[in-house]
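Every chain is named by a letter (A, B and C) in the order it is written, and numbering of its residues begins at 1.
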Amino acid sequence: MKKLSARRRHPLAAVVVLLLALAATGGLYAAFAPASKAQADETSQSLAIDEGKKLYAVGCASCHGTGGQGTSDGPSLVGVGAAAVDFQVGTGRMPAQQPGAQIPSKKVIYSQAEIDQLAAYISSLGAGPAVPGKAQYGPEGADIAKGGELFRTNCAQCHNFTGKGGALTHGKFAPSLEGVSPKHIYEAMQTGPQNMPSFNDTTLTEQNKKDIIAYLNAVNGEETESPGGLELGGLGPVSEGLFAWIFGLGALIAVAVWVAARTAKAKKS
Amino acid sequence: MSSQDIPEENLPAEQDHAHGAVTVADDTDPFADPGLPPHEHRVQDIDEQAAKRSERAVALLFTLSMLATVGFIASYVAIPHDQAVYVFPIGHINALNFALGLTLGVALFAIGAGAVHWARTLMSDVEVADERHPIEAAPEVKAKVMADFKQGAKESALGRRKLIRNTMFGALALFPLSGVMLLRDLGPLPGTKLRHTLWSKGKLLVNMNTNEPLRASDVAVGSLTFAKPEGLEEHDEDFQKEIAKAALMIVRIQPDNIKDKRELQWSHEGIVAYSKICTHVGCPISLYEQQTHHVLCPCHQSTFDLSDGARVIFGPAGHALPQLRIGVNDEGYLEALGDFEEPVGPAFWERG
Amino acid sequence: MSTNESTETRRGKAPAGERVADWADGRLGIYSLAKSNMRKIFPDHWSFMLGEVCLYSFIIIILTGVYLTLFFHPSMNEVEYHGSYVPLQGQLMSEAFSSTLHISFEVRGGLLIRQIHHWAALIFLAGMFVHMMRVFFTGAFRKPREINWLFGFLLFVLGMFTGFTGYSLPDDLLSGTGVRFMEGAILSVPIVGTYLSFFLFGGEFPGGDFVARFYSIHILLLPGIMLGLVVGHLILVFYHKHTQFAGPGKTNNNVVGMPLLPVYMAKAGGFFFLVFGVIAVVAAIASINPIWALGPYRPDQVSTGAQPDWYMGFSEGLIRVMPGWEINLWGHTLVLGVFIPLVIFPLVLVSIAVYPFIESWVTGDKREHHILDRPRNAPTRTAFGVAWISWYFVLLVGGGNDLWATHFHLSINAITWFVRVGFFVVPVLVFIATKRICLGLQRRDREKVLHGRETGTIKRLPHGEFIEVHEPLSQDALHTLTAHEQYRPVEIGGTVDENGVERKVKGSEKLRAKLSESYYGAESQIPKPTVEEYKEITSGHGHH
């Protein structure tokens, strides 16, 4: 103990403590992080194959089975429809790098033509929702305000008031809807990817979906105005509180230091 | 043991001499208070040029404030209230709010900065010491007050005439009850209001999105739908109050995946209807994960397993979500087979 | 006759200002009041201005709040929206919500005032928190200022509730969720909870009354009490005169600084404008509580990320991490999962509020204290304070667990468990660590006094040894570093009274002796250098 006390004042002690603290923080982080990210998948497919089944056999069959019947690593794709393929592959979620709590969106590695071929193949396995057309998700004839009400009833609980995303259980999350194309939003509602429930046309009509997409575009689009100024992530009181402490009170303390500081004295001659 | 019992020597010695400011440093005590350091001049005290510069700076700040106020008025008049503007790096914002806030901020800040700069550079900065005086009154003052008080108390005869004293205290203690009484009409008594909702046998489940009754065939496995009782419309006066209890969450689970027997019985071919109101403190719980069948509350993260009687699997909720017994009528529409069998929403003392 | 003469002669000479002052003095006695106050001394230190930040933001809140009342309709009557914000066109909402939209979009400058009001409220409470910590860590709460400490504490607590009732007024989806939570919390109170809830909301939640009721609480009842407390707080500051840090010429019996007129008048008055200016700029560039994006309240709708304003965040943490305990007995339900947090919520605050009284009981010190402690010189107090802050912070983390989860890619369940454990463990660890740091700093001060300041200059001695030159401290510095007081632990008095009869040692006495030992025992403070030690070292020739 004595020895430790004596060394505590060693100039390097602070460095050691800092390193220990950093190591502890890192360790804690690693312990709490739900899934570690693996190296980027290097299996860049041979783009020469332009037929859905071949594409499927190479990129998808290892998890979903050779006939799309599903395996322990991936669900059956019979009857999921073209919309599901277009969403999963078109947002880069599929092919997945590894199974995990949630497959995140990433860089899309298939061209739209290839995605369409894959979609054609999957829909041939069993009927399912088709890829929506522009008329279904376009802004014409949409009621933004109704969309807002629908969004608050059906979507905001997971995706936040204006679609900024939110947490689910055990490391899963509802992703931010910022920058997601209207088509993909439509498909997500229709097919219910991963843990998201589906909102079929029978319970959330085509018009309802159109309204929701129009609302999202109005409140979370590129041109959306935030009248009051910085949006602060659109996350509500937590980020507002942080801002008030750091920039509000921080600025005021800086001012107070200036007010109370002694004025520079004349140099002694 | 009162604090007076602490021996004096355990308290630190009084540090300072009665008039510390004039203490002279002495050789015997290197730690003694050397007294206030001599005043040093600022540049402005000895250099009139510097003082003039300060004066100009202060005047400039006050002038800036005046200009900013003019700017405020001009912005108010000139900028339309709904004009948007892109300001880097803030984004698309309301032009009027931005202009008014900045000009007001500058107008105020410049006044403050001018005043402080003036105080810091041109007003005397000679430190002055003020003496403190003990707050406790001198003994003779205290004696006088006590004597006065005793005199007054004696003259009031309050101590002697017990009857007056007791009845007065009684009257003073009782009269605030009138005030408490008056609060009674703040609200009705609870009665059994928290036990009942609008649901009753035969009421159709109406889809929140379309305002149409739901058919069993509308509800797909993995989907999530919200419903209200037939007859409740958004324009109704008591809509808020009723929906706060009656809101339903409807999901369809493969009957094989339903672990709870009663849940399966109360469902219609795997279509289950649960109260949307969290049993913790009443948030509308609805973060449904269709693969795990877990539903999470966004407010306090209570998690319920909808495939197992909606029992609590995580978080602060104390009991499962109430399930509504549903069936299908002749036309294929989903209908309630009665009210909830237990109160929905947060628990309360009489819930039992 | 003589009075006539004097007024006549005066009328010719006295300037107008003086005549007004004379007039006022004849009625208010302002000269006697000004005599003791006009040149009142205030010490200069940035941390002494934190209270001013609070005072000024309070004034700003009142000014902007009065403006907002001119346009706000505290009514829950349902209306259809037809204002200029398109995404809400035709939606049903309460008048409270639609009038807030009106203030934000149609009243010119209304949005700015709303934002100033809300930002100032957040800063007001943050300022009070920091101000309170400043007072705590410097021991400024000691006699004679205990009552003022309590006034300040009450202001903080009332400020929290004023804030809560205030942000609930627009009746938006976020604040409505908060009110719903409050209803659930009230329902959890045993026996009377259901009744309280029905009385507060005028029946079942949400009813049509709470906005109007919160309104009168928010704009009248609570601010009225707060205004009274603020005035009392300020009067006491004037009456006690400000504390000061130890330093040359500064004693427990004086106060050294600049006079109110003119320096403090200019600085404090100027600071008001600086605070107002900063908050106005913040309100110009940063959005707060954009209720149009949140939408009107409906009890069956909700958004993720439902949090209260920061000052209520610790209570949110308490409620989020509590396990869901519920006892059902004899037809009644005891909702411990909600009721326990509801009880701990005030206890968290009270634990810091009563600390000064515990410390004064432990020390038994009845003297006035006007010289501030450096936090390191009161290690146990400092450790307690930092532990309390860490406790508060752990709860804040719990209150924002969903945002921590999404922004740091953590599991919300893991964070909740971390907070559950951290609630008990973190303050203890922080207490131990802080105390050790304080002792380390005390040791360094002691070294500095005895051996001087490290200059960074390396000298080589004739025999080859390298040494760092230490420069002795000035007497100013020596005095400042040794001016603090050091208590000695209280011992339990003799167990035998003067008659030789054994007396019973009371439990409280033992507790106090134990506490005193942990406060002032050898483990808890480094003896400050004595004059003898100093002289011995400085007179020795081996010193460098």
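Assorted remarks:
Keep in mind that, in the parts below, contacts are C-beta pairs under 8 Å (C-beta built on N, C-alpha and C of every residue); 3 or more make two chains touch, one makes a residue touch a chain.
Here the structure is a predicted model, which means the values were calculated and not measured.
Most remote chain with respect to subunit B, judged by CA-atom centres, is A.
The most central chain, judged by C-alpha centres against the centre of all protein C-alpha atoms, is B. Between subunit B and subunit C, the centres computed from C-alpha atoms are 15 Å apart. Chain centres here are Cα averages; for subunit A and subunit B they lie 30 Å apart.
The geometric centre of subunit A is 38 Å away from that of subunit C, both derived from CA atoms.
Across the assembly, subunit C contributes residues 105, 111, 115, 267, 270-271, 274-275, 278-279, 283-285, 287, 298, 300-306, 401-402, 412-413 that each touch 2 or more other chains. In subunit B, the positions touching at least two other chains are 90, 93-94, 97-98, 101, 116, 120, 125, 208, 226, 284-287, 298, 301, 314. Each of the following residues of subunit A touches two or more other chains: 153, 157-158, 166, 168-169, 174, 226-231, 259, 261-262.
Only residues 150, 153-154, 157-158, 166, 168-169, 172, 174, 192, 194-200, 202-205, 208, 223-231, 258-259, 261-266 of subunit A touch subunit B when the two sit together in their complex. Residue ranges on subunit C touching subunit A, taken from their complex, read 44-50, 52-53, 86-91, 104-105, 111, 115, 119, 122-123, 126-127, 130, 173-174, 267, 270-271, 274-275, 278-279, 282-290, 293-295, 298, 300-311, 313, 400-403, 405-406, 408-415, 418, 440, 443-444. Residues 1, 3-6, 9-21, 25, 28-37, 76, 81-82, 90, 93-94, 96-102, 104-116, 118-120, 123-125, 127-132, 134-135, 183, 186-190, 193-194, 208, 226, 228, 234-235, 237, 240-241, 243-245, 247, 276-277, 280-287, 298-302, 312, 314-319, 345-352 of subunit B touch subunit C in their complex.
Remark: subunit A residues 8-9, 29, 31-34, 101, 144-149, 152-153, 156-162, 164-171, 173-174, 215, 218-219, 226-232, 234-245, 247-249, 251-253, 255-257, 259-262 touch subunit C in the complex. For subunit B in complex with subunit A, the touching residues are 40-47, 84, 90-94, 97-98, 101, 116, 120-121, 125, 207-210, 214-215, 217-220, 222-226, 251, 284-292, 294, 296, 298, 301, 303, 314.
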